[in-house]
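One structure is given below, encoded as structure tokens.
Letters A, B and C mark the chains as written, and numbering starts fresh at 1 in each.
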Amino acid sequence: MTALIQLRGINKYFGDYHALRDIDLEIKQGEFFSLLGPSGCGKTTLLRTIAGFEDPSAGTLSIDGRPMAGVPANKRPTNMVFQSYAIFPHLTVAENVGFGLRRDPRSKAEKAGAVKDALEMVGLGGYGARSAHALSGGQRQRVALARALILKPKVLLLDEPLSALDRKMRELMQVELMKLQRQVGITFILVTHDQEEALVMSDRVAVMFDGQIRQMDDPEAIYTRPRSREVAAFIGKMNFLPGTLHSSGEGVEADVAGLGRAMIPPDRVTPGLGSGPAVIGLRPESLAVLFEGETTTRRTVEGTVDEVVYYGDMTYYDVRIAGVDEPLNIAMKNLVGRDVLEVGTATRVAWDERSLVPLAP
Amino acid sequence: MLIAPPLVYALLLLALPLCAVVLFSFWTQDFMEVDTAFTLQNYREIWDSPVYLLLLQRSVFVSGMVTLVTVTLAYPVAYYISFNVAPAKKSMWIFLITIPFWTSYLIRVFLWKVILGYNGVVNSGLVGLGIIDEPLSFLLYNVNAVIITLAHAFAPFAILPIFVALEKIDRSLLEASRDLGEGRIRTFLRVTLPLSMPGLVAAVLIVFIPTIGDYVTPELMGGAGGKLIANMIQTQFLQLNNAPLGAALALVAMVCVTAIALVFIVLNRRWLRRQV
Amino acid sequence: MSGGRILGIYAVLYLIFLYAPIVLLPIFAFNDATIIAFPLSGFSTRWFEALWGNAALGDAVGNSLFIAAMTAILSTLLGICAARAGAMADFPGKSGILGFVMLPLVLPEIIIAVSLLIVLRQVLDMQLSNWTVIAAHTLLCTPFSIAILNGAFQNLDPSIEEGAMDLGESRWGAFCSVVLPLVMPGIVSSLLIAFTISLDEFIIAFFLTGSNPTMPVYIWGLLRFPQQLPVVMALGTILVALSIVLLAIAEFYRRRGLARAGLKDSGGFL
């Protein structure tokens, strides 16, 4: 099966500034795809290139097998939810949602019905007659969604659609957007700088830095098997320990500062990373502080609690171990009957070979 | 390109004519005949003539005084509207201040004549109240009358830019200054005034430069001793038919005010830098 | 007494200073005496009646209305071009070009008058007419139109236009269906302001009118005849009333524009 959207060697210059570098991308029909990266890395530019608001300086883009070069934004089978939502302030909610239906050959009544359905779909049934500029942020976002989805595009492009909302609203809309996507079966491309949002919502995530896609994978792979230190540091928290890798017939063995020697499981081996100096990553939740009297079958290392940050459901410990400059950051669930350790307590840290992530230094 | 129409228009009707003025000022004219030989004669005539220099001096003085009076009177009003008037009523105040500006300029100037004249409002009022026996004759037909009238005419031009600059000031900056121990007056001098300076400078420029080109007010209000350079320019063009000399006068006047304005901007920049 | 109160009293006194001359207008316009001075004589509408039968004045008013209407249309069209160019992406020399187009705002009017007179009469040897005044007034009013329309265009979220294109409108279609309705209040107020400025402009018009004087030029002529002054007062009263009506309409449209764009009011013209 061929991809719905195909980008080949897309480059974009703004004057001298190289905003997009050799972007190759394929997105399948019905996929929920996210572009994730820090502010200024080129996510919006890439999205606007797909929408037809920017012309690539080099490379080709095709949607549904059709090359898009020279096709203006209004003729592309894509629709966009803008970061500012771009709700037309001089129109009512219903007029906004029906805006794109002008050329639709259906009768007035049918169109009105479609608008009503679209509004109900996004939970704004009965809001049609309201003036658009009096809406709240969350309502604007829903109008923007309804307005785009009513046109049944092949691809819906969303530029940081949730970033203007407060936390509660954002979490609610994340779930609603996922449901909506499954319901309509349209391919969604979401731009976000919020890693949690990308991991929660997407089928696949592309992590971008400096106009380049650094890694493209499903959320689980992005989180547990980042391919570079940059990606690992951007997605969640990670401890980095200096180390050396030894490749041999049996597999890859790592010599990790403070932890000692360990075999890297075959599925964790980063392709293209041979013997030599490396950085070994460990997620805070893959480590554990052992409480007094606790035993484990995992490997352990002695340490001293350096810092305690209490989060309610979680406690984050910084634990110093011999042979490493930076303390290890460890996330522990606060279970009933388990005390929070005090700074200065001597303790042991449990770890696993299976959670080591070898990375280029 | 969209900018082309207004640009072409301004080039054809502004840049080109200005060049023509420069060119003409180096020519001479005898009644209808224009002599296109390059000469500095017009400028020499201006330099040698006490009349032109006096008019020029007086014009710059009047423009300067008008600017000083207008901006000084306007600042507190702009400050009041920006800081003391309720937000919902601000545009009402601005509207009230702009209305007089949009009513016939000629008639407004003439009405000042009615106010300041021998049998005018001020004099009849003062005589009626028994404060004076004879009407005052020094109110009209002199430089002061010109300054008052112009200060009235340019009032909104001074208030609006200052108001806009004051509106842009983040109110928490003023609170921060108070929080850091400065009183109201020091806060005004160290925070409000420097931050409103762009508006103040705009107000000064927008009053100072155009006043030099007004010949209506001095004609009606100035009497014999209150004529300005613009009257002379108008006379040269429309009565004496000496366009080259008129052009040279206009250029000299323009260059004078522009130079003074530039000096003002430079001094202002320095003052601002010292404030920091 | 607090500082705010003192300032408030000062501001009210300042308003009185601003309105003093204008308040006198109707007083003398309805005063039954030829001399413009106190004490007043009695109520009369005869100066307004005198206006009615004045054919020369009628012609002057007609000229001025034509000039003002043409000026309003031309300067608003130029203003739309400049304001839209200003709101769009950067181009080389942008601020220089826009600054140059705004120059007439700070140029002494006599310079504009003189330079155009030289070009029209001496260089091109053209006859002065209403059109020469229109040309000059358009130059003078364009910066005001740009200032008003800049506000309208810059308040516009650029993605609004892209949004319309994304939903299937062409570039022109997007301009007509979303941009134009949103800036329409700005256009109306630009038309009215340019109209008002042109209607009242004297300094340039005096240099550039042909054989048919504009209304201010005609008034200027009247000011020299004392017996005509009450008629000027009556005319002035009508003009003030008219200006206030036009301005109130312009202000109404400006506010409606802000309301449509869902913005807070940030103050008046300019």
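In this section, a residue touches a chain if its C-beta (ideal position, glycine included) is under 8 Å from a C-beta of that chain, and two chains touch if they have at least 3 such contacts.
Remember, predicted model here, so these are calculated numbers, not experimental data.
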Chain nearest the overall C-alpha centroid of the shown protein atoms: C
Relative to chain B, chain with the most remote C-alpha centre: A
Pair of chains joined by more contacts [C-beta pairs], B-C or A-C: B-C
Distance from chain B to chain A - Cα centre to Cα centre, in angstrom: 60
Between chain A and chain C, centroid-to-centroid distance (C-alpha), Å: 55
Separation of chain B from chain C, taking each centre as the mean of its C-alpha atoms, in whole Å: 19
Of all residues in chain C, those that touch chain A in their complex: 157, 159-160, 162-171, 173-174, 177-178, 181-182, 259-262
Chain C contact footprint on chain A (complex, rising order): 51, 53, 72-74, 78-80, 82-84, 86-90, 99-100, 102-103, 132-134, 147-148, 151
Sites on chain B touched by chain C in the complex: 1-7, 9-10, 13-18, 20-21, 24, 34, 73, 76-77, 79-81, 83-84, 87, 90-91, 93-100, 102-108, 110-112, 114-115, 117, 119-121, 124-125, 128, 152, 155, 160-161, 163-164, 167, 184, 205-206, 209-216, 220, 230, 233-234, 237-238, 243, 246-247, 250, 253-254, 257
Chain B-facing residues of chain C, complex: 3-4, 7-8, 10-11, 14-15, 17-22, 24-25, 28, 35-39, 77-79, 81-82, 84-86, 88, 91, 94, 97-98, 100-101, 103-112, 114-119, 122-123, 135-136, 138-139, 142, 146, 196, 200-203, 206-207, 216, 219-220, 223, 229, 232-233, 235-236, 239-240, 243-244, 246-247, 251, 255, 265-270
